[in-house]
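See the structures that follow.
There are two complexes below, and they share subunit A, which is joined by subunit B in the first and by subunit C in the second.
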Partner chain A sequence: MTLPTSLDEAVAALAAMPAAVPVAGGTDLMSAVNSGLLRPAALVGLGRISEIRGWQYADGNALLGACLTHARMGRSDFAALIPALAMAARAAGPPQIRNAGTLGGNIANAAPTGDALPVLAALEATVVLAGPDGTREIPVGHLTAGHDPLRPGELLAYVRAPLLHAPQTFLKATTRTGPGRATASVALVLDPARRGVRCAIGAVAPMPLRPLEAERWVSGLIDWDGSRALEPEACTAFGDYAAMSCIPDPAEGELPLALAHLRRTVAALARRALERALS
Partner chain B sequence: MTGPDAVTATPTATGGGTTATTNPASVADKSYGLGASVPPADADAKTQGVFPYAADLWAEGLLWAAVLRSPHPHARIVSVDTHAAAEMPGVRAVVTHEDVPGDLMHGRWVADRPVFAKDIVRYHGEPIAAVAADHPGTARLAAAAIAVEYELLEPVTDPEQAFSAEALHPDGNLIRHIPLQFGDPEATGEVVVEGVYRIGRQDPAPIGAEAGLAVPRPDGGVELYLASTDPHADRDLASACFGLEPDRVKVVVTGVPGAMADREDPSFGLTLGLLALKTGCPVKLVATREESFLGHAHRHPALLCYRHHADAEGRLVKVEAQILLDAGAYADASSDALAAAVSFAAGPYAVPHVFVEGWAVRTNNPPSGHVRGEGAMQVCAAYEGQMDKLAARLGLDPAELRMRNVMATGDLLPIGQTVTCPAPVGELLKAVRDADLPPLPADDDEAEWLLPDGPAGAGEPGAVRRGVGYALGMVHMLGAEGYDEVSTATVRVQDGVATVICAAVDTGQGFATLARQIVQEVLGVDEVRVLPADTDQPPAGPAARGRHTWVSGGAVERAAKMVRTQLLQPLAAKFGMSVELLTIVEGKITSYDGVLSTTVVEALDGKELWATAQCRPHPTERLDDSGQGDAFVGLAFAAVRAVVDVDIELGSVRVVEMTVAQDVGRVLNPRQVEARIEAGVTQGVGMALMEDLRTSRGTVKRPSLTGYALPTALDAPQVRIVKLVEERDVVASFGAKAVSAVPVVTSPAAVAAAVRAATGRPVSRLPIRPQAAVAKPAGA
Partner chain C sequence: MGRTAVTLEINAQSCAFDLDNRTTLLDALREHLGLTGTKKGCDHGQCGACTVLVDGMRMNSCLLLAVALDGAQIITVEGLSSDAALHPVQQAFIDHDAFQCGYCTPGQICSAIGAITEAASGWPSAVTPQERPLGPVPLTAPEIRERMSGNLCRCGAYVNIVNAVTEAAEAVGEAAR
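Entry: the complex of A and B
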């Protein structure tokens, strides 16, 4: 295991040992190692690279270090910047895990239940990748979907997320009171500058889903220069619309009961998320 | 720089961690002896990290074992080729059924289970072969290198299909059938309600790793270091399988990190012993979490169909039930579980006519066995569901309907046995019914409200409905149906220090603490050591069904009393008074008149006193062909009121409070009683809301602690003990009843009742799935 203290060193270490695997908080990686699913030849620890453990501002965006922990993102100063990401971070597992688990790990792991992912999708965030040939920037979804995977020696360095200065919500259903993985989650952000509501549904599919038509429909109803309030019926309709687009009716026959419940859950979450953002 | 998050998801004012208020009357200010909150004997060792868990065992030159388990629930084994594994460097032995020198089949109740599968595998995870190697990694790789050719067979996974399916085992698919007939089959009530209930597969999920060590002995025997809950039974299984005389096998009980069931896969000690005997080296085995989930016994999944008849006032007239227990592939404790299910099918209610058909059947599902409250828990969920239905039909308050039917001492159980022990069921129900309800968040601080779905979850106060539900439950104590209940204990005193030797295993239930308290009480000495259990000691039987307080505790008390007599007799004779007139307190012996005053140490005068005694409660009998017989030694009862919050849009449930009143006979250790009730309630809440080991066509899905949800501190409700009824059971040792099992039995039914009340939904399946707890808001 090597413990570089800068991004350049880390990239160099990875380039020098192509079989090495980066490890940040280790909350996903080490459980895979412990259960025998993974036997990395070497590890490059990212925990000492202070330049990617905090955040900076760049032209109306925040540049979030990949090694920001969930615990750090959950604090109130961060919540003032990107409220939905803070809410997702507070919901991402028990405190021990949130103290260690990182934003970059959550993205690189790309689990369907990764709580940061629907928020990043709603924000239309991008990732900055650092590699032996310099950096490049791609949408988060391209990386998580595997369209444009990490190249040899490449690291996730930063996430670029817009600062929208408007209400945001993240709601996660787990079916239990204690910490648990999402059965469904909804991230919803208001973008007053672009006069849009953007929403992403997590955990119901391998990737967060964007109900684009529902977003467009509801964005058109909102009086962006006025109170932004909507009738309850409109919020309900938005929830149903969003849920239906993620979990459509099957071509034939009835939706299985468990899926019907999931759709109801998504509808309730999307409605609640919109109501809270507009209230 | 980022630092650890100091703000964690702490329980709020209205919920979270498990705390309990004790019945003030039961709090004794004594610091030792019976009735005192003597701290658990193993508490220091556990907090200091020196408790001898089986996974920490070590022996010079030990080898590591790994077990090859079947990935299929049902298959014919065409061939097993161990050559590649045996030839791997570092591998010292590979064993299959061919290497078993003694009995090929074993079982604590019925010997119907092969040590290693021979021709057929009958469940996912059944052991086929085992390897010993010089490194755990090598052992696992070698086990994986054993080539098994399977011919897949259709698994029988629906217990209803087991009756007509081809026999899965030479013993057939029907493990036991009890047709209970009590009263007049023609009797009918004015009101009839029917219901079908389904209970899932709860895993005992012991958190400590399952592990063991076998050490060969120079005399050709073997010592097994196991976290055994019944060392003599485990020794007998092992010696039969090794083809050795029982005294050549010794089971030494290592620290048991908590058990609410027969802890591990019963083949554990057998595998270890075979490998140690074959290699001549110590062999250690530590099960992975996945193996634990596959191999050990689970709670019986059940299908229950009920019809309750009542008169217009809600008095029960007749209960008819069909109960089907899924035993998995082998009999194990299924016969016992079925007897309890059938006997308690109507619950702690007086019912003149009861007709029950009960079956335990063989399937290719994961093995079922003894998990506390077996049989009794499943029927409680069903008969209490029926009581709620009946109350709704009659427009009666659910607590009132129950009150009209409660059983009392002198009533008959449907098995024809008279309830002779205290049965304060009405008093228990009254205590929980009359207890204050927890405050509504509106009255409290709404911002502090812990919602269903957790502190950072999606809960919405406007969608939350509160529900209150009741359940009454009962269990039997001790082995039933003619089981030879007996335990033996030895007490020694020297230099004012007492030692207890008894093979009763402290599984975390507190037996060692209790043994200390008993000896303190009888002999008046403070320092009492309880030796670890092994099979060189006389048998004490399994740590289950609340036995050890009664049977082993009783034996300890008798032995201590014999020592007391030996100690005081000479003194009494010298002073011309009887032994009864002398008392011992804190090591000082005094006579009633104060004339005599000495100390235990002086009275011993350097001598060592020993006594051994047995306790054997009165015998029971097997249920006959119509399910009749005096099958049980004693019964214990509880009433639980559950208060839940349900987000009726998401169907998520949070248990706000569990209010408990329990029939305990006598409180021997207040703190311990409280802890046992809290633990039992929490396990019951797990059964009600989340614990279910899922399978797909017999294959276990996600056998891990991520896949199998257990209650965490946030899921665990506030447990409020409002009453401990201390009506002595005159036949029980100390008048005390078992406390651990009945809260497990009763709590799931109470949670289901509360969710019914909150949602208006039938809630007939446990654990309760979110889709069964969603409801339309009132007026919509």
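Entry: the complex of A and C
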């Protein structure tokens, strides 16, 4: 077990022991360790690296440290910067988990139900990876899809997210009251500078899905210089369009009932997310 | 798998251990120190029975590696009362009959202390209105239910737990004033 106090030390420790597992909050990792599924040869604790526990501003973006906890992201000052990420953080599990679990861990674990992931997809956020040969920056989705995985000795250091200064929403459906795992989640952000609505649907597929055609259609309907209001029928149609594109009809036969129900859930969440962002 | 020497401050006492790296804080407390007040319920962060305060923040001790916490201040249910006087949250749980079998109670009490501190510090929860004045969040019944949602009680003493936390929050607030 090593407890580095800087990013450089952590990268050096990982490079020296490529089999070591980095651990931040441990809320996902430890359940595997406790049940005997994971026996890490060595551990690199990330809890002492103060440079990745906060955030800084860089050219209209926020550079978020990978060890920001959900509890920290849920607080009011962070909610003023990236409201949808704050809403996702507040819903990301019970308080004991939110006090320990981190943004970087949510990405690295890449669970289909990870609540930060649809928000980062809607924001088109990127991750900054620190490695022995310097840093590189790739879209969050390339990492979570395994398209461009972490290389040996590499560590997720920062998340770069745009500051859009416009309404954002995050909604999720769960199987119980209180914070459970999402059965479906929707993140929706307005980008007035690019005159776009961006939306991502979480938990219905191995990674968040973007209903791009529905986004383009609804972005064209909105009067970006005026009230931005839409007729209720347009919001309903957006919800149905987004849900249909994430859970399409099968080539043959009927959609199974459970999937039809999930599609209705996604449609309702997407409609509500748009209504709330435009109200 | 290696071992690491670690020093934790548990209930205001410095404790030195030599632990297997995989040891959770929960196992260090129960198996190595004999502090069995903190309970092991599910061992994967679902039930909250193992909740302790780590540097003042409530966390599930079953999901924390003890060796990663070198130097941290841990408070367990054994460290809450001073002399003969119970902590206001402990007293409120007794006054309101907020338990039956008592297995989840140490976790409930540590979690309630964390919830009261977080609300007093103005941290919003998922049910806090988006538009609200800055400052402490009033602990209404819906706020308490949301903020205590990480602690399960299989006896179903939830109604009295909400009452106990409501009263304890007032008592702690008055003591701070």
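Please note the rule applied: the second predicted complex is superposed on the first by the 279 of 279 C-alpha atoms of A that agree within 3 Å, B and C clash if a C-alpha of one lies under 4 Å from a C-alpha of the other, contacts with A are read in each partner's own complex, and residues count from 1 in each chain.
Just so it is clear, contacts are C-beta pairs under 8 Å (C-beta built on N, C-alpha and C of every residue); 3 or more make two chains touch, one makes a residue touch a chain.
Given the structure is predicted, the values throughout are model-derived calculations rather than measurements.
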First (subunit B), second (subunit C), both or neither touched by A:166: neither
First (subunit B), second (subunit C), both or neither touched by A:42: second
Partner chain in contact with A:178 - subunit B first, subunit C second, else both or neither: both
First, second, both or neither for A:21, with subunit B first and subunit C second: neither
Touched partner set for A:258, first subunit B, second subunit C, both or neither: first
First (subunit B), second (subunit C), both or neither touched by A:71: both
Which superposed partner A:54 touches (first subunit B, second subunit C, both, neither): first
Touching partner for A:93 - first (subunit B), second (subunit C), both, neither: second
Subunit B versus subunit C as contact partner of A:272, first or second or both or neither: first
Doubly contacted residues of subunit A, that is, touched by subunit B and again by subunit C: 35, 71, 74-75, 87, 90-91, 94-95, 99, 178-179
For the subunit B and subunit A complex, residues of the former touching the latter: 1-5, 7-9, 15, 140, 288, 290, 450-458, 460, 463, 649-652, 654, 689-690, 704, 706, 709, 711-715, 770-771, 774
Interfacial residue positions of subunit A with respect to subunit B in the complex: 35-36, 50, 53-54, 68-69, 71-72, 74-75, 87, 90-91, 94-95, 98-99, 171-181, 183, 185-186, 257-258, 260-261, 264-265, 268-269, 272
Residues of subunit C defined as touching subunit A within the complex: 1-2, 4, 21-22, 24, 43-45, 48, 51, 57-60, 62-65, 67-70, 111, 114-115, 118, 122-126, 130, 134, 145-147, 149-151
Contacting residues of subunit A [partner subunit C, same complex]: 1, 3, 23, 25-27, 30-31, 33-35, 39-43, 45, 47, 71, 74-76, 79, 83, 87, 90-91, 93-97, 99-100, 178-179
